[in-house]
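Each of the next two complexes has chain A plus one more chain, namely chain B in the first and chain C in the second.
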Partner chain A sequence: MTYVEFLQAHSGRMIDGTIITVYQFLLSTVVAIGIAILFGLMKLSKNLAVRSVAIIYIEIFRGTSLLVQLFWIFFVLPLFGIHLDKFTAGFLAVGLNMGAYGAELVRGAILAVPQGQWEAAIALNMSSRKRMWRVVLPQAFVIMLPPWGNLIIEILKGTALVALISVTDLMFEVRQININTFLSIEAFGTAIIIYYLIARLFVTPVMRAFENAMSRKIGRA
Partner chain B sequence: MIEWQWELVWELAPRFVDATGKTLMAAGGGYGIAVILGLIFVVAQRTPIRVLTFTMREFVELVRSTPLLLQIFFVYYVGPQFGLILSPWTAGLIAIGVHYGAYLSEVYRGGIESVSKGQWEAAKAINLPIVRTYRRIVLPQALPPAIAGMGNYLVGIFKDTPMLSVIGVAELMHTATTIGAESYRYLEPYTMVGAIFLALSLPAAFFINVFEKWVRRTLGMVK
Partner chain C sequence: MTEDMSQYPLRLDGDDFPMVRFQKVTKAYGSLVVLNQLDLDVSAGEMVTIIGPSGSGKTTVLRMLMTLETINSGVIYVEGEPLTHMERDGRLVPANSAHIRRIRSKIGMCFQHFNLFPHMTALGNCMEGPVQVLRLPRKEAEERSLELLEMVGMAEKRDQHPSRLSGGQQQRVAIARALAMRPKIMLFDEVTSALDPEVISEVTNVIRRLVDTHNLTMLMVTHQMGFAKEISDRVCFFFDGSIEEQGSPAKLFETPERERTKQFLNAVLEAN
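Right after this comes the complex of A and B.
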């Protein structure tokens, strides 16, 4: 069987899988960004209780494996009456896990905004909300974009794990193809190329364009 | 609602102790391979041979931006197609070693690039062979700034070992899944795995931090 014949026979399944992977990836990214902002800001709070909650969340999710968290959410939560379907459990686990890493990026970037900017905003008598929204966050945003580019690639890679709870993503489909045909190098090799192309032709250029646009916007181009 | 059973925890404890050992072995073995491969990857990227530099660069990018899980399957299943049968342990360690080798090569690269150009020029001026230049001049200076990154990936590789369970390496995750299948209890096994990971990775991160500060201090590089 040549490679072209292989593609003709199995491309349908792989395309279906790729679409699910992209859905999982986009939804995980949304969850991760939300979690990152929430817990990143909470970790900077002056309130000890709020800060503790953030620290505990971040350490638990960064200190254990994504796979463990995924299985916990999918197999253990139902025992407590929380039933999530596999698709939701998949992107939720990836998003909650990566969000914990993102929270540290948010926190780090806010702290990296020069002290003088905070002081200037106070000197201009800005309210604390205005200081955050108009002065600190826009600059923090530009600072944290490059590491977010890496994290978003990690999110894409992380979504492959959802295949292990039978979400029919690209990883799942090629594993099925491998079981049916034993054409391992064709099946897994093609999947590696597809993941690589998503990362290289979609994620990286979008993030790069975003970085450029943002730094131009705050006059740092 | 389900009750947490401590008796089950004690009953399972010996199996988890054993599995923790295997997890640490997988992480240690994988890391050993990664440390060496990373060095090879980074040095290959700095040779004057353009083809090699380009291929290595693309290879590292490819490995870094595709899922480790997929790479584990690839290594494990592609071998037999060509008559090369790898045990789950061998395949798993190769996959995880190459994956983290690619990450470590980037860490090393950062370290090497932080060595000032004058050091290279001086080594050249005294006609030091390239191998000795790396071994005696560049790498010792490139190491301290790389320690933090290397430490992070040591913890990272430890947390990624559960993926080896998919090809049957009997580490923590595999043990928990087996127990789940035997006893229909998922709460205790999976929670125990999480707790073990937490109990090991938090102190590890702390000690790496201490170690990095100690190296900087002993080498007189305190910022």
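Right after this comes the complex of A and C.
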């Protein structure tokens, strides 16, 4: 069987899997961004209780393995009465995990905005909310875009784990093909190429365009 | 803090109180006392310049008035009302943020390093406060901002971001931005220190015009003795966290009384 014949025979399943992977990836990213902003801001709060919640969240999700978290959400939460279908459990686990890393990026970027910007906003008598949303966050956003590019690639790679709770993503389909055909090189080789292409042809250019647009917006380009 | 607050009036009464009063204001960072029981009055419309050696507490005075630094003891009054205190049950207690914002609205500040918002144009910088804080309609905020940019000679650069402007241009935009809030009190902290010598006059000319045409109360920290002498109603020489000597520019620069003032002025003259 040539590689072309292999592709002809299995491309349908692999395309279906790739579509699920892209969905998982996009939804995980949305969750991760929301979690990152929420806990990144909470970790900077003056309120000790709020800050503690953020610290504990970030510690737990960064300090333990994504796979274990995925199994917890899918297999253990039902024991506490929380039932999630495997698709939801999949992107939620990846998003919650990567969001903890993102929270540190958000926090770091906010702290990297020069002190003088806060002070100028106070001198204009802005409320603390306006200082954050009008002055600091737009600048923090530009600062954190490059590291977010890396994190989003990590999110894409992380979604491969959802195959282990039987979400029928690319990795799941490829494993099935491997079990049925024993064509391991073709099956997993194609998977690697597809993951790589999504990252390089889709994620990286989008992030690059975003970065360029933002630096134009603040007049640096 | 076990300070006896009853020694401070709840507000300044009569019709002769200063625009700004520092009353026994102390500022310390840990064990380092930066300002020691500072008393300083600034009258409405007065231009007061603060000079003194590095580390003497000049910047700290302005930053406390702008509420960028907390104070350890004492009270600052602005138009007779305490700035970071408020009355409760006949006593002064730490003010809430609504009170601080109300008093702070009377004060504007320009910084040594401009601190313009890099993600906004010159016009956007000037409109930000009027639109977001004063809640003026955009059109009105824009008119006001353009008028001020015109005054500082920056109307042509209204659509440029700060990164495209020279230091002198940025500082002029920063002055327009502060004035757009219509403050009664303006604070200038070494606004020409970060500028190349040849553009310093761009900025000092704007301040001159302000002094001539506006009835602002101004506090200015500067190392430019010539400018201070020319423009001030009063000069305060700070040394080691308190006012060593103050008086009219003529008196302080021509016939200083204190030994430290003479030494400082001689040292500065030599450096130039």
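Observations on the model:
In the analysis below, the second predicted complex is superposed on the first by the 221 of 221 C-alpha atoms of A that agree within 3 Å, B and C clash if a C-alpha of one lies under 4 Å from a C-alpha of the other, contacts with A are read in each partner's own complex, and residues count from 1 in each chain.
Going forward, a contact is a pair of C-beta atoms (placed from the backbone, for glycine too) under 8 Å apart; a residue touches a chain by one contact, two chains touch by 3 or more.
From a predicted model like this one, the values you see are computed outputs, not experimental measurements.
When both complexes are overlaid on chain A, chain B and chain C end up sitting side by side without clashing. By the touch criterion defined above, A:Ala199 lies against chain B but remains apart from chain C after alignment on the C-alpha atoms of chain A. In the overlay built on the shared chain, the residue A:Gly63 is in contact with chain B alone; chain C does not reach it.
By the document's definition of touching, of the two partners only chain C reaches A:Pro138; chain B does not. In the superposition on chain A, A:Ala163 makes contact with chain B only, while chain C stays out of contact range. More residues of chain A are in touch with B than with the other of chain B and chain C. By the touch criterion defined above, A:Phe71 reaches chain B but does not reach chain C.
When the shared chain is aligned, chain C comes close enough to touch A:Lys130, but chain B does not. Within the superposed three-chain model, A:Ile122 lies in touch with chain C and out of touch with chain B [touch as defined at top]. Closest C-alpha contact of chain B with chain C, superposed model: 23 Å. No residue of chain A contacts both chain B in one complex and chain C in the other.
Residue ranges of chain C in contact with chain A, taken from their complex: 66-68, 97, 101, 104-105, 107-109, 111, 113, 115-119, 121, 128-129, 132-133, 160-164, 174, 177-178, 181.
Touching chain B in their complex are the following residues of chain A: 59-60, 63-69, 71-72, 75-76, 79-81, 153, 156-161, 163-164, 171, 174-175, 178, 182-185, 188-189, 191-192, 195-196, 199-200.
Those residues of chain A whose C-beta lies close enough to touch chain C in the complex are 114, 116-117, 119-120, 122-128, 130, 134-135, 138-139, 142, 217-220. Residues 1-2, 61-62, 64-71, 73-74, 77-78, 80-81, 159-163, 165-166, 173, 176-177, 180, 186-187, 190-191, 193-194, 197-198, 201-202, 205 of chain B touch chain A in their complex.
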